[in-house]
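Would you mind keeping the following structure in view while I ask a few things?
Going in written order, the chains are labelled A, B, C and D, and every chain counts its residues from 1.
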Amino acid sequence: MEIAGIFPALTTPYYQDGSVAPDLLAKNIARYNRAGLSGYVVLGSTGESVMLSSSEGEALLTAAKEAAAPGKLLIAGTGAESTAATIAKTKRAAELGYAVALVKTPYYYKPAYKAETFIRHYRAVADASPIPVLLYSVPIFTGVTLDTREILSLSEHPNIIGIKDSSGVIQRVVEVASQARPPFKVLTGGAAVLYPALVAGAKGAILALASALPERCVAVYESWKSGRHAEALSQQQELAQASKIIVTEAGIGGLKYAMDARGYNGGVPRLPLPSPSDAKKQEIHRLVTELEHVAATV
Amino acid sequence: MEIAGIFPALTTPYYQDGSVAPDLLAKNIARYNRAGLSGYVVLGSTGESVMLSSSEGEALLTAAKEAAAPGKLLIAGTGAESTAATIAKTKRAAELGYAVALVKTPYYYKPAYKAETFIRHYRAVADASPIPVLLYSVPIFTGVTLDTREILSLSEHPNIIGIKDSSGVIQRVVEVASQARPPFKVLTGGAAVLYPALVAGAKGAILALASALPERCVAVYESWKSGRHAEALSQQQELAQASKIIVTEAGIGGLKYAMDARGYNGGVPRLPLPSPSDAKKQEIHRLVTELEHVAATV
Amino acid sequence: MEIAGIFPALTTPYYQDGSVAPDLLAKNIARYNRAGLSGYVVLGSTGESVMLSSSEGEALLTAAKEAAAPGKLLIAGTGAESTAATIAKTKRAAELGYAVALVKTPYYYKPAYKAETFIRHYRAVADASPIPVLLYSVPIFTGVTLDTREILSLSEHPNIIGIKDSSGVIQRVVEVASQARPPFKVLTGGAAVLYPALVAGAKGAILALASALPERCVAVYESWKSGRHAEALSQQQELAQASKIIVTEAGIGGLKYAMDARGYNGGVPRLPLPSPSDAKKQEIHRLVTELEHVAATV
Amino acid sequence: MEIAGIFPALTTPYYQDGSVAPDLLAKNIARYNRAGLSGYVVLGSTGESVMLSSSEGEALLTAAKEAAAPGKLLIAGTGAESTAATIAKTKRAAELGYAVALVKTPYYYKPAYKAETFIRHYRAVADASPIPVLLYSVPIFTGVTLDTREILSLSEHPNIIGIKDSSGVIQRVVEVASQARPPFKVLTGGAAVLYPALVAGAKGAILALASALPERCVAVYESWKSGRHAEALSQQQELAQASKIIVTEAGIGGLKYAMDARGYNGGVPRLPLPSPSDAKKQEIHRLVTELEHVAATV
């Protein structure tokens, strides 16, 4: 299995009454199918998975599976706090047709979680999983980090195929990409460092921002892949600015608003996640419009 | 409603097959009923609530409610990441006969959670809750902290009766206890600072350690309440040492082992939570035995 | 040597041209001599020691020594980044008549400083010092912390008499005060937790706030010492509020302004340390005036 | 003035009696002169500047100035805690013939240092300095960080020519390099991310590791400059490994030992900085020997 290129971390649309809207997700995917993306991540952090019930999650997995074009790699977020629950969710994702399980670190009892805790947890999940496992380290949300030594140890497992590293730490990409057992792959989770991460050895990215600006993310990837470094840097500078204004400063609420501005089904996140202020909405709208204009004239 | 004294944060016992064991919880409570405790906290962090399904949680709430002696104040942990899920769990706890809802901060999307996010979340929960709400700030697990200003703002709400502050920061106890709107109360979550917290204005504590050593926790409280400061300090020093060896160094696995050593139904936590090493078990066993001997000869 | 009670961390006054003003320091001390303080700390963090040349420091040490009333314990800040420089400064302080050396942790190369680094450093200093050494842990400024195990190890040294712990962590006071080898003493550096620290086993405090409000700090100490706990708590609440408004929110610039407001020689700190805004000055002035009024009417 | 390429952060050699050895520094530089370096940084963090007296520092500045080959850009570390002392040191460095002042952030009173504090400090220094100023952000040692907004604001000053950013955060390189006012330049301080930083917009680096392995650092730079990306990545992987084993794990003591292993005058750092263990020394020796062999056979 080749895991490379750009994957959007899909958002979860809701109906007006607050219930999940799998059909709106399907509509988003129908459009994403033409954007040069390598596949889709459902039920990631950006998908508000920690806010969803099991049945809501399964409805979304089912809808995304049906909507995805052939050849798109389907990745399901299946991490839970307990090892047993993680395995159960992973098996269910496999049954629903998902090719890869994205498993975030357990994190609540962080003082009790040592290197060996993470290694034991991931090995148990990978042993039991019918599909390959992608590690997921997202310290900004979890407060815990998979470090190089832990990742390298886990890269030895035949059913662990890579990591989504959302730390933004490029040193770790250099270290892991050069030392992990092939075919272990590094994907970055940071749109702000996509091009540096690729240059440092990453093979692709799973990006929240790609839910609003898939073409801009893919453009950086394609420029890098074709060896057009100057163009990649220029596109990356633009992407870093967009990532800061939309995702860093306004979170999932900002990302969903940027999707609305581009004609996707964004909407509002579940509370307590905030929606952007009116001033922020205007800034996002302006930015998205400019980027579309740039894209149209290239 | 008077909320004061010592409350154990109850652990969750499991059967050999890993399923929850409400009847073993009930047996623990039957013994706790004679230990001078003010009530019980079910489904707190110590109860591994983030590892439990909704139905497992309800089974435990039901069993604890039935087992608790009359007059014991019953507190249910009902915090979830979304405001709506928190409200639903809180209403369910009220239906099951719980008197107070312990609501931990949302924490996953921490970069997006500002002071006003927490305030809006808690107000919405308190507005909707049929029972009084106790705030719960536990930065060691969540990575977020309710600060003095936020707590004071929330203390204005008539259905928010206090806070369990597990930060161990005594300065905050001083500030909140003196400035919050009566009858808002501070309970500490730190056995290592129980006596200093009481002296600083706290009215009681919710303690993991009280699941293994309820009498030693109650002793500190009673000494303080009776103005026996030298005795309280001496007991506190002993408690701090026990807290460090059992809870800080060995976590829920250590606490459950200490319970086993004292004849309660402890057992092992769900994976990936670790169980103590053999050396650690011996240290805990020795400590618990010594403390019982001390208690017996007083 | 008995080290107990309240010590102000003295500020450094400057003339209009920015040079140090030892005579103004002497005038402050002449007034402090009547305030019930146990002694003085010269060249601490509050004294802007990291901004002073060696000769400036010695001029201040000399002036303070001459101005201090008989019986006041004289403590000199002598910590430097290198072990050799710390020893040299400590010897010089001893020559100038100082009774105790307050030695903050080295901190610049923090990734290289392990527990054994601190222990070796402090042992070398204590071995070479003609006067007793007081450890000094001030993580808010240095980013490093002496933990309980390190402190207990160092408490074995016959020439190390105690610690000024400015972490505000009361759990460490409980642990160290009960386990350190007598006559090792704990002094707190946090005015916001003075009374809880005393109750937890501290024998006194070295406080920036005592440069502006020595009587209010001494009052808490005396109430505690006399067993008047309710009064101590009430005074502590007032002190915590003053500490927050003056020291936490406005730093050394705020403290010096509060001194001006009380008729001491405060002045402005060296740049880049900021001075309070006009609004902040008014708040400090109002607070100080209220506290004086309270004191006068008691 | 063009500031680009690789600069070693020079170490400070000592004689057996612990005094500084300017002539040994000169000997090191004589050899560095043939290694493709763009210039030298004297009195940086790696030079143990926080352990040196003023006269020691000046002796080193003088020796390095005399030893440097024509055309090498000379950079002096002149940051101090106070604005006035920083200006005085900067003027002295200019008198001694240095072309650029590397000014680290003030950091001791970090709770009092806001964005405007840093901006005011640097503007005052740059206004008063006879030579251009290079900002220096090194959070691993100082605990404070210059963020993008502050850097961009300071890039407007005509006498501030760039920043040495040792944070390792590549996102900031992307942001600053694309948005700062020309000719403001970014240099990275992280050997582990040299190539990614260059690709992200940095123009060079100031590296501790370049004191032991100047040719390996220059090789990465040259490969990148010539557009040989695959070669640059391969060399970067090797450099990251060396940086981890030598600098990250063994600090200045490890770096100096690596210098000894390569025939430079390394020696031991001042206490309390530790020297590497025997096992660590063997690991460093083996690594350095391997790298030399690789270099010789290329």
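Just so it is clear, a contact is a pair of C-beta atoms (placed from the backbone, for glycine too) under 8 Å apart; a residue touches a chain by one contact, two chains touch by 3 or more.
Nothing here was measured: the structure is a model prediction, and the numbers come from that model.
For the pair chain B and chain C, there is no chain touching both partners. For the pair chain A and chain B, the fraction of shared interface numbers is greater than half, so the two copies use mostly the same residues to meet. With centres taken as mean Cα positions, chain D sits 35 Å from chain C. Separation between the centroids of chain A and chain C, computed from CA atoms only, is 50 Å.
Of all residues in chain A, none touches 2 or more other chains. Only residues 18, 45, 50-51, 81-85, 106, 108-114, 117-118, 120-121, 124, 140-143, 248, 251-253, 270-274 of chain B touch chain A when the two sit together in their complex. Residue ranges on chain B touching chain C, taken from their complex, read 168-171, 173-175, 178, 190, 192-193, 195-197, 199-201, 227, 229, 233, 236-237, 240-241, 244.
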